[in-house]
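Both complexes shown next keep chain A, but they swap its partner, so chain B is in the first and chain C is in the second.
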Partner chain A sequence: MSKVWALAGLVVWELYRRKDFYVLFVLTALITVLMGSAGLLHGVRAVRYVEELCLLLIWISALVIAVTTTARQLPAEREHRTLFPLLAKPVTRTEVILGKALGCWVATGLCLVVFYLFFGLVSAVREQAWPLASSLQALWLHWWMLAVVVAMSLLGSLLFATPAANATVQFLVAGGILLVGRHLNTVALGLPEPGQTLIYGLYFAIPHLELFDVRDLIVHDWAPVPWWACAAATLYAAAYAAAFLVLAAVTFRRQPLQ
Partner chain B sequence: MRTPLLVMVFLLTFCFSLVTWLKPALARHLPDTARAESLLGTALGDSRRLFATHCFFKADRYLHSGFYPTLFDDRTLLAEKHLAGPHDDHDDAADNPAHRRQAQPTPDAELGYGFLGPPRDWLDRLGRYFFPSRHTHLEGKAEAGELVPWLRVAAALDPHRIETYLVTAYWLRRHLEQPEAALQILREGWRANPESYEILFELGRSFEEDRQDPVRARNLYELSLRKWEKRQDGVREADSQTYALLVAHLARLAEQEGRSAEAIGYFERLEKVSPDPARIRERLDELRRSR
Partner chain C sequence: MRTDSILRIEELRVEYRSRELRQPARVAVRGLNLEVAAGEVFGFLGPNGAGKTTTINVLLGFVPPTSGAAYLFGVDVRRPIARQRIGYLPEQTYYYRFLSAEELLRFYGRLFQLAGGELDRRVVAALRLVDLEPVRRRPLRTYSKGMLQRIGLAQALINDPDLLILDEPTSGLDPVGRMKVREIIQRLKHEGKTVFFSSHELGEVETVCDRVGILCGGELKAAGRVTDLVREHQANLEQVFLRLIGYTPALPPAEGGVPGVGGAAAEIRR
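After this line comes the complex of A and B, so read on.
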């Protein structure tokens, strides 16, 4: 396990040195502050539109960081020819996959902490309140959603020829699931057979990333999600992330290095 | 290599020349209001109407604290017209205990599933804990302000959508206690839509009820009535609801100011379109007796 953590540490260090996170964070902060300071009508106080915008930017930024960071890990090792000396050490290919995935996941988690601290600051300043339990749940669920995205992107980096192609496919898949994933069952029920079974099958097969999106609950001041539901969602994400990582490990073991 | 380049240059030159000829020709035929576009209007073109509709629905979504049908849901099941307007009183909705957000979001709400229907599978049941799945409304003055940004953006994107001004003014007057801001919005709307009898009627109500200025209110109602008559000429299904409201307000003002003959005239007009003509007839008889 120490080898996996050592590899993960390298990935975190790499994200720390790169500019992706800083640029996205500054952009998020700048747009949120600008929109928050926009004058609407004298005497009318509105907070939720700023919170919604801030959370949307956080979701986009986190997805970009997770996908781009993960998609370039293995191709970069191959391109720089550092994969051979790495595998010449007493490290198995499975440990490389696990290390890379853990590193990307931890790195995106650290970014999320900074983003959600900023969101908390925005809520505290604008609303004079910070729903701590809801924010922690949102952060936790968001992080687990990214675990699935990281695992998918790592598998994609072994299947697609370039990191750009992989990233594009991952954005399309994640975006598609987030937008229509929840409604596939409704669509399926309106279709004739065999379309109904096919779409319903797809509905159960895809990882429902939208399950982890509790932005509306935070923005509209709903009570936190029941903890058992939160735990169930965590197990759901862990199962999908594990499945994708197993597939990635098997693919990597069977793939020639060059 | 040179031929495609020359073709490209030719096409670009042709396009540029076409624009310099078309733009002034189009501008001559467009009305003044359409020509006076903002930077946003120029940048987005006609698509801004689409965004304006989106922002308008977004305000309705905020009113329901995020519980709102998507493209895939049955919108008819959210039957009430929630954002309301000059014809609606929506106060009772916020007082309804069924509309309060106290408990955690739950798919087992005793109040029914709304447009979502009962959960179709275990994933659907679990998923409903993670988004607003109960019908609620914004409560109180502090929360009602949350709708305004979206309505303001909707008005900026599509200044010719009259409903946006009416709804914004309604919320500002009735829920936010901001009559001056409502007046400002309605004036903006009137500038963009000078022929709108709906905005004039709402302006009249603002002057009558908020500023207690019956003279200006009457002038605005009369202007609104003239615009209504002008607009309804030859129209098969006239907007009788606004007409009834206009005539009722004018009749009441005339009665208050002691102009009985005028009041009787308006009540006679109201009797023809009122859903309760017997009551209007009683009122007319009272007025005739008192003369």
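After this line comes the complex of A and C, so read on.
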């Protein structure tokens, strides 16, 4: 496991050195400014609307960071040929996959913490209240949703020719699931066979990323979801992430290096 | 089969399948048998496309053999544990340029599960050996080619390996850089390390190697002590090499004989 952590550490270090984190800070500042501008508006509804926008921005930013960071990991190792000295060490390809996935996930998690912390602080200052439990749940579930996205992107980086193609597909898939994933079963009901079975199959096969979206708890100050539901969602995400990583490891082991 | 062999290749054949339909597979290595004993410096010679790098890639587990087998320390090269006691320097230096020399060595050291004081000691020792200690905190992107080659050697030595595999270690270096790399290889030889390296530099090979193997078209044309090969063919190593790879000079030798290939070609014609 120490090899996996060493590889994960390298991914986080690379993000820091490549100044990717600066993008994060700029985005965070943007969110803060947006929150602050809510002072110009009056009324609870206006503040909620701005909060909703800020959280949406956090979701989009985190998704962009997760997908772009993960999509370039293995192609960059191949392109810069750093994969050769790496695999000449007693490291298996499965460990490389796990290390990269863990690194990207941890890096994305660090970004999320900064995003939510800023958001929480500004909310607390403006409204003299901070729904801590709801915020923690939102952060936790958001992070686990990104675990699935990271694993999918890593698998995609082995299947698609370029990081750009992979990233585009990942954005379409993740965006598609978040927007229409929950409605697929309803759509299936109105379709003739074999479309109905096909769409039903898709509905049960895809990872339902929308389950992890609990932004409304923060915006509307609702009570947190039961913790058992939170744990079940965590297990659900872990199962999907593991499945994608197994597929990635098998694909990587079968691929020629040259 | 030798009992003290660290590296063993048996009937190795490597074919690369063509991506185009109905194109025959390209044979990179055919029926290669080779053994390298502990403490030996073995030079792996051959013209471009002879199969040297493919053989090294098999030894490192990058390319699976089509048939035959290769073993490091008696362990099949397809098992990652076979790489626990080896160091590898690629032909061209490819490292994480956002890291400093020290960070790079620490990262690779962790992959060998080194930690704490032991890792610190190995990092300092490797940096000292390649004379890079004063610049150890500089990012690799600011290093010259010679410095990158030396950090490559340092990363290959971070686990204090018993076997070093060097793929054309002096390729593209200036004379000073070559001399430094050669000195390091000599030092490792005196420390009793086994070194397996491919090279085009015949003079260098003659200086540092105990034994050589000459590969051409994926086949091993000759293997043995440099002195034995030279005596057997009654020619210097360059002439032996050219003769074994079947080189036919296109141009007649210059009047009075010109040193270098022209001179060797003249010798072969005679």
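Points worth noting:
In the analysis below, the second predicted complex is superposed on the first by the 237 of 258 C-alpha atoms of A that agree within 3 Å, B and C clash if a C-alpha of one lies under 4 Å from a C-alpha of the other, contacts with A are read in each partner's own complex, and residues count from 1 in each chain.
We adopt the following convention: a residue touches a chain if its C-beta (ideal position, glycine included) is under 8 Å from a C-beta of that chain, and two chains touch if they have at least 3 such contacts.
Keep in mind that what you see is a predicted model, and the values were worked out from it rather than measured.
When both complexes are overlaid on chain A, the residue A:Ala223 reaches chain B alone and has no touch with chain C. Of the two partner chains, neither chain B nor chain C is touched by A:Leu191. Between chain B and chain C, the partner in contact with more residues of chain A is B.
When both complexes are overlaid on chain A, the residue A:Leu257 reaches chain C alone and has no touch with chain B.
Contacts of A:Lys89 after superposition: chain C is touched, whereas chain B is not reached. When the two complexes are overlaid on their common chain A, residue A:Arg81 makes contact with chain C while staying clear of chain B.
No residue of chain A touches both chain B in one complex and chain C in the other.
For chain A in complex with chain B, the touching residues are 40-49, 141, 180, 182-183, 185-187, 189, 203-204, 208, 210-214, 216-217, 219-226, 229, 232-233.
For chain B in complex with chain A, the residues that touch the partner chain are 62, 65-66, 70-73, 101-105, 120-121, 123-124, 126-127, 129-132, 142, 145-146, 148-150, 152, 172, 176, 178, 181, 184-185. Against chain A, in their complex, chain C makes its touches with residues 57, 60-63, 80-81, 83-84, 86, 88, 90, 92, 94-99, 103, 107-108, 110-113, 115, 152, 155, 165. Listed in rising order, the residues of chain A touching chain C in the complex are 2-3, 5-7, 9-10, 13-14, 17-18, 80-82, 84-92, 256-258.
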